[in-house]
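Residue numbering begins at 1 within each chain, and the chains themselves are lettered A, B, C and D in the order written.
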Amino acid sequence: MTADRTVGVSPEVQRRLYELMTLMKAADDRLSKGIASGELQCVYWPPRGQEAIAAAMGVCLRRDDQLVTNYRGLHDLIGKGVPLVEIYGEMLGRQTGSSRGKGGTMHIANPECGVMLSTGIVGAGPPVAVGLAMAAQRKGLDRVTVASFGDGATNTGSFHEAANMAALWDLPLVLLCQNNQYAEMTPTEHTMKISQVAHRAGGYGLPGVRVDGNDPLAVVAALTEAVDRGRSGGGPTLLECVTFRFRGHYFGDPMAYIPPERLAAALEADPIPRFRSRLRLAGICSEADLDEIEAAAVTAVEEALTAVLTAPGALVDELDRDVYADPRNCPA
Amino acid sequence: MTADRTVGVSPEVQRRLYELMTLMKAADDRLSKGIASGELQCVYWPPRGQEAIAAAMGVCLRRDDQLVTNYRGLHDLIGKGVPLVEIYGEMLGRQTGSSRGKGGTMHIANPECGVMLSTGIVGAGPPVAVGLAMAAQRKGLDRVTVASFGDGATNTGSFHEAANMAALWDLPLVLLCQNNQYAEMTPTEHTMKISQVAHRAGGYGLPGVRVDGNDPLAVVAALTEAVDRGRSGGGPTLLECVTFRFRGHYFGDPMAYIPPERLAAALEADPIPRFRSRLRLAGICSEADLDEIEAAAVTAVEEALTAVLTAPGALVDELDRDVYADPRNCPA
Amino acid sequence: MTMREALNLALDQALAHDERVFLLGEDIADPGASGPTKGLSTKYGTERVLDTPISESAIVGAAIGAAMEGFRPVAEIMIMDFIGIAADQIINNAAKLRFMTGGRTSAPITVRTQVYGGIGTGATHSQSLEAWFMHVPGLKVIVPSTPRDGKGLLTSAIFDDDPCIFVETIRLGPQRGMVPVDPGFSIPLGEADVKRPGSDVTLISYGRGVVEALGAATQLEADGVSAEVLDLRTLVPLDVAAMVESVGRTTRAVVVHDAVQFAGPGAEIAAILQRELFGRLSAPVERVGARFVPNPAPPALESQVYPSAQRIVAAVRRTLGLESAKTGAHG
Amino acid sequence: MTMREALNLALDQALAHDERVFLLGEDIADPGASGPTKGLSTKYGTERVLDTPISESAIVGAAIGAAMEGFRPVAEIMIMDFIGIAADQIINNAAKLRFMTGGRTSAPITVRTQVYGGIGTGATHSQSLEAWFMHVPGLKVIVPSTPRDGKGLLTSAIFDDDPCIFVETIRLGPQRGMVPVDPGFSIPLGEADVKRPGSDVTLISYGRGVVEALGAATQLEADGVSAEVLDLRTLVPLDVAAMVESVGRTTRAVVVHDAVQFAGPGAEIAAILQRELFGRLSAPVERVGARFVPNPAPPALESQVYPSAQRIVAAVRRTLGLESAKTGAHG
């Protein structure tokens, strides 16, 4: 099954997609530069290259729609509207962080924006997303939950159990697989025999769709369909978006395991320049517009970083908070 | 994909199938009678109704082919040639048991017959079967491993992980699902949306086949194909055999959750009388032959039970054995 | 009423009085249900008492997600031996969510699970793994011994703001006792209970061990030994004050539990007592736990594995200097 | 050589000398491999050093199946926090197979896994869960502290007839030490090692805790306190005789480990010592483990959670009566 691309996307939304993508890229670039130079210290799993997917979430999801993402979530978090000061703050252990700095890069949540969970355990997100979708269904809300995960995550038993439950109970859930062709250092073709992750859908009785994850309009079309299905009681969808991670698994990954031709071809398909020219050719944005969008993204990122770097670090007394609702429950 | 039924099954093999089926039934009947009357004390999960599948294993597998089964394994164990004294002995905690009585009903193994594992944990068998099949592949042996499990087990993450690995590595494995339409008290349609377990195969890139599990010849045909595929390096198969468990989940189950019509229809399709008439109509066995086969089964079962009941119970000093290879490793 | 009925009543009243409560698990809905959930789907519908696929990991994960959204899900892991399958969701999501998100999310789930030890089902249907969950910050661990405690503690667990592992014991299911039927009745988590007062030795236990400890106390009384039986009821929070008070008085302690003795809950209890009461004990803290062996299926063997009144009495006699300490670390 | 190199050498030699050995796990093959498996797939081929899908349960299950057939599989669970996913296979199959089948099958697997605590990766990439596996009869549990021990113990684990949980520590990876390169070199499981002799107090530890204990011992020496450092090396089998001998001599013990203190390995050790040495100790057994909190990501917070030489020194001073016992149970 392939998504229908005829859904029209307005010029405003297309522009918004580009704004989001450039913000995600700028946020990644700045963090990468800072870590590389030693200016910033944190663990980081860069999503550079996967922006089209997260930007599509940004325009397809409502604020009250919910998201479960993972360690490679910078782009998803931005797409869902989490303020950069919270994201950077959390990565860098500052009090401006979404968890006041104590959760770290892998564990960012902002329920007000609908970001309920980021998980460091591969595959652990989809079951929780099932529960969030159950909650929405039980409350009679028309919101959807998106569980965002990688290709590798679909090999976990956890994914299987969640997908089966979601299908069984017609939950308003989108199982969004960002297939970036690798799980850590292992290419997807070494970990599954099937040619498409979307083929896994048949084992659960839910629709499986595969799209070019580097084309934001393709993702918007497919995601709109999946979200509408979920919102209207039609149940879950497995949506596979094919993309690539340009910076490897973790920041600093030498990527020795990626054949140079494969990397080159992937870089060639970088969603950002591709969408930029498309916007220009379609007459939606002028060169100047586009430059301005990019510059605005860089400025926003610098402002956020400055705010974070001038904020105090996480307090040591955080150790006494939030283990239990009532701190007296901790053993002496 | 449906199995090709045109494979011929010789009269001798058909007779052998009936012998096995009646032995399985007699073993179940006697145990059930004994437990019901209080004569025998053990936990028991009866496979009555599923004999055609296990009998097919009995004629399709070589002695060196391996089997991983579960708590509902009486028929499988008989099919694979485990002596009844070992099975009954283990269920009844006697020294004649396959584990000298200490493992119990759920944990019967007999490596000489190729029965490597029976598991009480639903879904825990297939991953181990993957390892057994890896071992055969690594040793260059042409034997196959069969993992036998229920419909409910295919909802476990464990099944998923194992099926994916088996497909990926082209392992000589048959994933044999005995779909008896219930997992404990819950009908299969309440736990999965798909209409056929066999549809799960597509998510792994292996062939999925569904057959009438009450027709031993249908199972033989499909299993032969799957076993041949595995033996010749063609990789694993998911084989779904549709059947029913006549006595419910555990012995004594009141089966209140089975609609009477559904049970009646299932009993109508009892594989044993059905195959009996077929053998007679096909002129393979006379009435007298068939009666003799059934009587022999009953005799064999009685003999085994007598041997078991006159054998001593498991020794208490078994507690000091087999925790580790060397008993000195146990903490004081 | 029986323990099973008491637990059923707690679930029933929670479902009746708070629509945030729902139950999910394998075979918990009628007409299949036979445990503490029996009758509840008939009363409240299968939306609120929900049969699931055999997917322990997703059962707990789904409960977590719903709890994050304000529900009070009660997830059942049918038998505690299966809890390994859900362990990742329990330890990495449920236990840590509140901390990792600085309090912005939390997972106030209850995981009900049942210990099958002692009924002949063998090594993979019998384990008591509560020590695992004591060791993971963020979880509460509850093991009732009487119908009254069962009802009161389960009610507290369901409405507690933290994730609770609630361990039931199949051998206690038919046990009877007085139970307040008032829906308002609950027992605070973290308060041990003196099940029998005494002055010579404290038997510290929880769950089924309490029954054996009471049996031992009765036997000891005949010998003129006065044993106090302290039922911890919850392992996290652990009522250290109550333990220290009692053992400080009796100067002797024997810890009893069905969990494997080695590295079990009793180890922590002994470690605490030897520190808090250093120099004030008349004898070392003794432990009587399950033997270090996978559980055997035959009753004659299995009965050697779990604590019995006899093994407890022997341990008490060691603390009284009436029996050689060399009779074995396994009581 | 470094610990990482020592472990690599153990694996290398095992692969070279015994064709029954193979490795499986996520990202363990070249060119992706960066840990102790680096270079091995290049040398022995990807059949013997096998990348797997992200399927921890099936990784361990597959290792078990192959082990039943005579192989000596070494399965990697990349980070110990993920071991919950494989817990069922470990506790219900690997640990119990030999017993349940009366010795007719067994699963001599080695599960290598790594503790990530102390490097800023947060609550779900930092846990030390060895206490879980001590509590499950049938498993052996090994945690080396030096490159020499790493090589010797890993070699023993691979060829041991029982399932072994082999816990590596990322912070020890770059640590250097002398290592016998002889392929015949191994260290028996179950023998503790005195890493530094002393007479006033025994610091009992394993894994990374040993490094902190040695640091504390050096500091204590300056104060005129002679601390013995006993490295357990394996938690099952546990070398009780060595502990009792050492503490019997010094009359004081502090147990140190990166695992959470509450219900951790130190609880069992304290429980054993208070019993075996009752009346012979000058002070209660002290414990210095990780604080009872999900691990925080920021280094400034994380450093408060794990044992440090400073916390160990404070605990030793408590055993010497030099500091109030009220400075806290968490050392």
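Keep in mind that, in the parts below, a contact is a pair of C-beta atoms (placed from the backbone, for glycine too) under 8 Å apart; a residue touches a chain by one contact, two chains touch by 3 or more.
It should be emphasised that the depicted structure is a prediction, and the values quoted were computed from it without experimental measurement.
Trainee: Does A-D or A-C have the larger number of C-beta pairs in contact?
Mentor: A-C
Trainee: Using C-alpha centres only, name the chain that sits farthest from subunit D.
Mentor: Chain B.
Trainee: Please tell me the distance, in whole Å, between the geometric centres of subunit A and subunit D computed from their C-alpha atoms.
Mentor: The separation of the two C-alpha centroids amounts to 36 Å.
Trainee: When the C-alpha atoms of subunit B and subunit D are each averaged to a single point, how far apart are the two points in Å?
Mentor: 40
Trainee: When the C-alpha atoms of subunit C and subunit D are each averaged to a single point, how far apart are the two points in Å?
Mentor: 29
Trainee: Which residues belonging to subunit B are in contact with no fewer than two other chains?
Mentor: Answer for subunit B, listing residues that touch two or more other chains: 102-104, 107, 119-121, 155-158, 161, 164, 168, 190-192, 318, 323, 330-332.
Trainee: Which parts of subunit C, given as residue numbers and ranges, touch two or more other chains?
Mentor: Residues 52-53, 55, 57-58, 81-82, 85, 88, 92, 96, 99-100, 122-124, 137-138, 262, 292-294, 296, 329.
Trainee: What residues of subunit B sit close enough to touch subunit D in their complex?
Mentor: Spelled out, the residues of subunit B in touch with subunit D are 68, 97-100, 102-104, 107, 109-111, 116-117, 119-121, 124, 126-136, 138-139, 157-158, 161-162, 164-165, 168, 318, 321-326, 328-332.
Trainee: In the complex of these two chains, what residues of subunit D are touching subunit C?
Mentor: Within the complex, subunit D touches subunit C at residues 57, 81-82, 84-85, 87-88, 90-92, 95-96, 99-100, 122-124, 127, 129, 131-132, 134-138, 236, 259-260, 262-268, 270-272, 274-275, 278, 281, 283-287, 292-294, 296, 325, 329.
Trainee: Please output the residues of subunit D touching subunit A within their complex, sorted ascending.
Mentor: These residues of subunit D touch subunit A: 26-27, 29, 31-33, 51-58, 81-82, 85, 120-125, 262, 291-294, 296-301, 304-305, 328-330.
Trainee: Name, in rising order, each residue of subunit B that touches subunit C in their complex.
Mentor: 41-43, 93, 101-107, 119-123, 152-153, 155-158, 183-186, 190-192, 256-257, 313-314, 316, 318-319, 323, 330-332
Trainee: Tell me, which parts of subunit B touch subunit A in their complex?
Mentor: 155-161, 164, 167-168, 190-195, 199-206
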